[in-house]
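In what comes next, chain A is part of two complexes: it sits with chain B in the first one and with chain C in the second one.
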Partner chain A sequence: MSTATTHTSAVVHPEYDRLALNRFGLWLFFFSESLIFLILLLTRFYLFGTSRPEELNQTLGLAITVILLLSSFTAYRAETAIAHDDRPQFLRNLLATILLGTLFLLGVVLVEWPEAPRLGIVPQEGFGIAFFSMTGMHAFHVLSGVLLLLMVYLNGRRGAYSSDSYWGVEASIKYWHFVDVVWVFFYPALYLL
Partner chain B sequence: MLSLGLIRGLIVGAIGAVIGMALTMAARVALGRPAWSADPVSFVGAISWIVFFLVGIGAFSDWWRWAQGEQAGDPHHPDPNAPQWKRYFSFDPSHKVIGIQYTVTALALMYVAGLLALIMRLELARSGLQFMSPNTYNTIMGLHGIVMIGAILLGVSGMANYLIPLMVGAPDMAFPRLNALSFWITVPGVVLIVLSFFTGGFDTGWTGYPPLGARAPLGILFFYLGVFAIGLSSILGSINFLTTTLKMRAPGMSLFRMPIFVWGMLATSIIQLVATQFIGMSFLMVVLERVLGMGFFDPAKGGDAVLFQHIFWFYSHPAVYIFILPGLGIISELLPVFVRKPLFGYKFVALSSMAIAIIGFLVWAHHMFTVGLGNVLNSTFMFTTVLVAVPTGIKFFNWLATMWEGKISFETPMLFVLGAFVIFLIGGLSGPPNGTVVTDFFLHETYWVVGHFHHTMFGGFVFPFMAAIYFWFPKVTGRMYNERLGKLHFWLMTIGFFMVTTSMFRIGLLGMRRRIADYDPALGFDTFQMIATMGGFLVGLSMLVFLVNIVRSIRAGERAPENPWRSRSLEWQISSPPPEFNYPTPPVVVGGPYDYGVPGSVYVRFGIAGASDADPARTSSDNGKS
Partner chain C sequence: MEAKKAAKLRLGWIVIGILAVLTAVEFWVAIAINSALLYLAVLALAKAALIVQYFMHVNQLWHKEGHE
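The block that comes next holds the complex of A and B.
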């Protein structure tokens, strides 16, 4: 069973807009990914209705939410800066995004998670099932976002991007916004209802 | 040996699994717990087996280069002087190689799962337990189900990978590396599912319902993770199919000039993209319940077992449309070729696939009528379920009208298309009794449902898949298959299949329960069970005929003419097998795909893109041959 025997490099094949294909694929990926979060959101409402334990640390919740939303702002500035070839501004804002993202992650994993069981919210039962699965799945995505941005930052320091070639920056920052938007839905569902 | 990606993947994967398990045990010791606990240690081991297998096979090497800021450039197309067979065992980005990898893997899985079915049929041939314990029977039944489902998903991807870029006139898929990853991630997934048999099996059937799934032997963990990997492949594949279909069509190919198979795959990909997350999450949640004790589905901890069924069936019902829509596309694709007439009502056939896909999302709870959802939900889902019959009926009427007064010729692919037509029709007609609440209360969990399901799967996937293999065999290999063996395959399979399912319908109506290794001889099922078993072996025999035919024809079949079926489709206008980048000159589509016998109609011209009135190198038209 052999396919493809002639390998001619002089083949004329139509030119595709690589960037447009990449963008389309990325949005399909976001759409598919958003359903994971939708399922967790639906699970939370299916199991616990609109009820919510009073014990959650509201100050901490508000603080990490503000941090994450701020990081979206700096991420946007970083992308705009590289689109205008302003590399120092790009790197500064990217670094700020990474730091804010890491701060959010630490807030969830090192402060919120150890604190919640002391307040009676355990991962094994009751509202804790929803709380830990939702924050866990989201934190996992934030972690991957931070790693992506870190990779972009290291490449950016070596001068990898310019205004006519920054797909890597664009994709990682779009992913970052996506993860932020998820939190915009998760925060009220967990803390505010 | 090490130049083969597969071997490297297996070695590195095994090392990775050991490392993962060792690290988990070390972490457990550090936390002051006993080192060995089957579930968490196997869980991490299995995940790292998947990841390291992919690393070993080279799936991530280009992306790793990107991450370091290097340019990886065009996907690597291997040296033409190296032996071709090596490409099939390596991480290769060509859609034609991947299509064959998928198809061959799917066929191998079909043989395995078919063998499991024959083992079950032997056990059921007579009342009383013959040679199996009920638990082994349960595992084999669950494995038959899930391995067949894997085979069908891979078979669908195989056909789509080989055909979509050819049919839309593209040189390859939109994301060739991702495409190769989609295939290779199924391999560790399949290995995990097979491993489940050797780690205690699972007695839940392929649905893996909790609470049983949360308590079943270790095997179910491997089952869940294997399905998870295959599901990931499905999602990544759908991203590729959608982007290729929507963004890379040849100039002039508007949506309503696409071949119907591409329409079927478009609908299928939408389902895969949206629904697959649901089975993944439902299984992940059971795994979390097993490994971390999170009681999603445990009422004692504030969970709810019915929640699992909702999430699970929100994928698993649309999943059957993933299985059949490409097959129905193949039927619509092949019918006009063999009746030499235009496809009747092209737009309706195309849009009915979309309609099935959309309605398919609204019917999941008809699997749960006996759960106790209440009359309002039950009757709502009964209504949406019966609604599926409308677009399916449109397809049948259009197929009938296409055949009407056509010049039908009965080569093997056409026989399988006609077989699919009849079998799927009976599958469709036996469905509404299950979808209607009052009758479902009696038919639920009986062999009637089993018969119905096998009719839809054989009519919607197996027969069209066989038709597709015979039809495109000359395209893929450049050789013809043996027509007499092909016809023998068809007749053996059809007769055997009807022996199985007719018996299933009969004993189902008499009250034979599903998922049970034994039955009371006083119920009088013995005769029909024996007929079903003999039919099953006939189907098995037909698949051996098929195997002989394929292997012999690849080696020594006669050379295929350029366009043996006088098809108008794009892929038949180039050499067989197609060149590495498919089209030496870009195709330009200038007409409808199925205007067989319409004088002067042209579907495609080959020339430089944008200069369609330049002297056409070749055109595909019917030349009044009909």
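The block that comes next holds the complex of A and C.
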């Protein structure tokens, strides 16, 4: 009798259990990724203590931080919109997130990286080792996040998601927030101390 | 349904507002205080906690929620 009940329960809610497992797996992935970023952060403090070069572009650091925070906000709005079947708002906010993410990436790769060596911060020595490895690893994750969101956007335009089924949206947006959380710790460590 | 969506969007505005204020405070602390490591660490933890709690919905891990 009890076996039959358990079996029935599993058949009735397979999607529900699948979603819980997916979420758990995603958070495990975040945990493992966190360790990589934590090692980079600890290495920066181990090698250079609480000092940093005065020459670093503070305005640019603040600007790209604000851009990334704003992109998390638009990502949140996109997820909320699809959870309520508002497809136009979902697509609009997702596109804004992709654009803001790209802007962040361009700020780091095309402005910050070429400028740093002119200020004496080079990848081969001193603070530059920490600066380029931390911003480089983070930029790689931003790039993969932008590509993921772009795939979700294209799927969304084809009507692939609804309030009943949007795990792809949820997972990629959670990943985007994770990338933002990493920057929340990297920003003060690189620019503010 | 619409009221629930409006409430969630409002929550998003509140969270981004707090994040903006904390970022401004962070910037000010870095300029105004000499040994700011502890203050900056606390501020970064607060910002991360807000994102993890409200944007990443970490509580979905222990409060089972399906897609609406």
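FYI, the second predicted complex is superposed on the first by the 177 of 193 C-alpha atoms of A that agree within 3 Å, B and C clash if a C-alpha of one lies under 4 Å from a C-alpha of the other, contacts with A are read in each partner's own complex, and residues count from 1 in each chain.
Note that contacts are C-beta pairs under 8 Å (C-beta built on N, C-alpha and C of every residue); 3 or more make two chains touch, one makes a residue touch a chain.
Because the structure is predicted, anything quoted here is derived from the model rather than measured.
> For A:W167, decide between first (touching chain B), second (touching chain C), both and neither.
second
> May I ask you to decide whether A:G126 touches chain B, chain C, both, or neither, giving the answer as first, second, both or neither?
Once the two structures are laid over each other on A, A:G126 reaches chain B alone.
> Thinking of the overlay built on chain A, is A:F185 touched by chain B (first), by chain C (second), by both, or by neither?
The second partner, chain C, only.
> One more residue to check, A:F24. First (chain B), second (chain C), both or neither?
both
> After lining up the shared chain so the two structures overlap, which partner does A:H177 touch, if you call chain B first and chain C second: first, second, both or neither?
second
> Scan A:F90 for contacts with chain B and chain C and give back first, second, both or neither.
Neither partner.
> Answer with first, second, both or neither: which of chain B and chain C does A:A75 touch in the superposed model?
So A:A75 only meets chain C here.
> What residues on chain A does chain C touch that chain B touches too?
Shared contact residues on chain A: 16, 20, 24.
> What residues on chain B touch chain A, complex-wise?
66-69, 77, 80, 84-85, 88, 94, 96-97, 100, 170-171, 174-175, 178, 235, 238-240, 242-243, 246-248, 250-251, 273-274, 276-278, 280-281, 285, 288, 292-296, 298, 301-304, 307, 310-311, 476-477, 554, 577-581, 583-586, 608-609
> Which of the residues in chain A come into contact with chain B in the complex?
1-8, 11-14, 16, 20-21, 24-25, 28-29, 31-33, 35-36, 39-40, 43, 46-48, 123-127, 129, 132-133, 151, 154-155, 158, 160, 168
> List the residues on chain C that touch chain A in their complex, please.
1-2, 4-5, 8-9, 12, 15-16, 19-20, 23, 26-27, 29-30, 35-37, 40-41, 43-44, 47-48, 51-52, 54-58, 60-61, 64, 66-68
> Contact residues on chain A for chain C in the complex?
15-16, 19-20, 23-24, 27, 50, 62, 65-66, 69-70, 72-73, 75-77, 80-81, 83-84, 86, 163-167, 170, 174, 177-178, 180-181, 184-185, 187-188, 191-193
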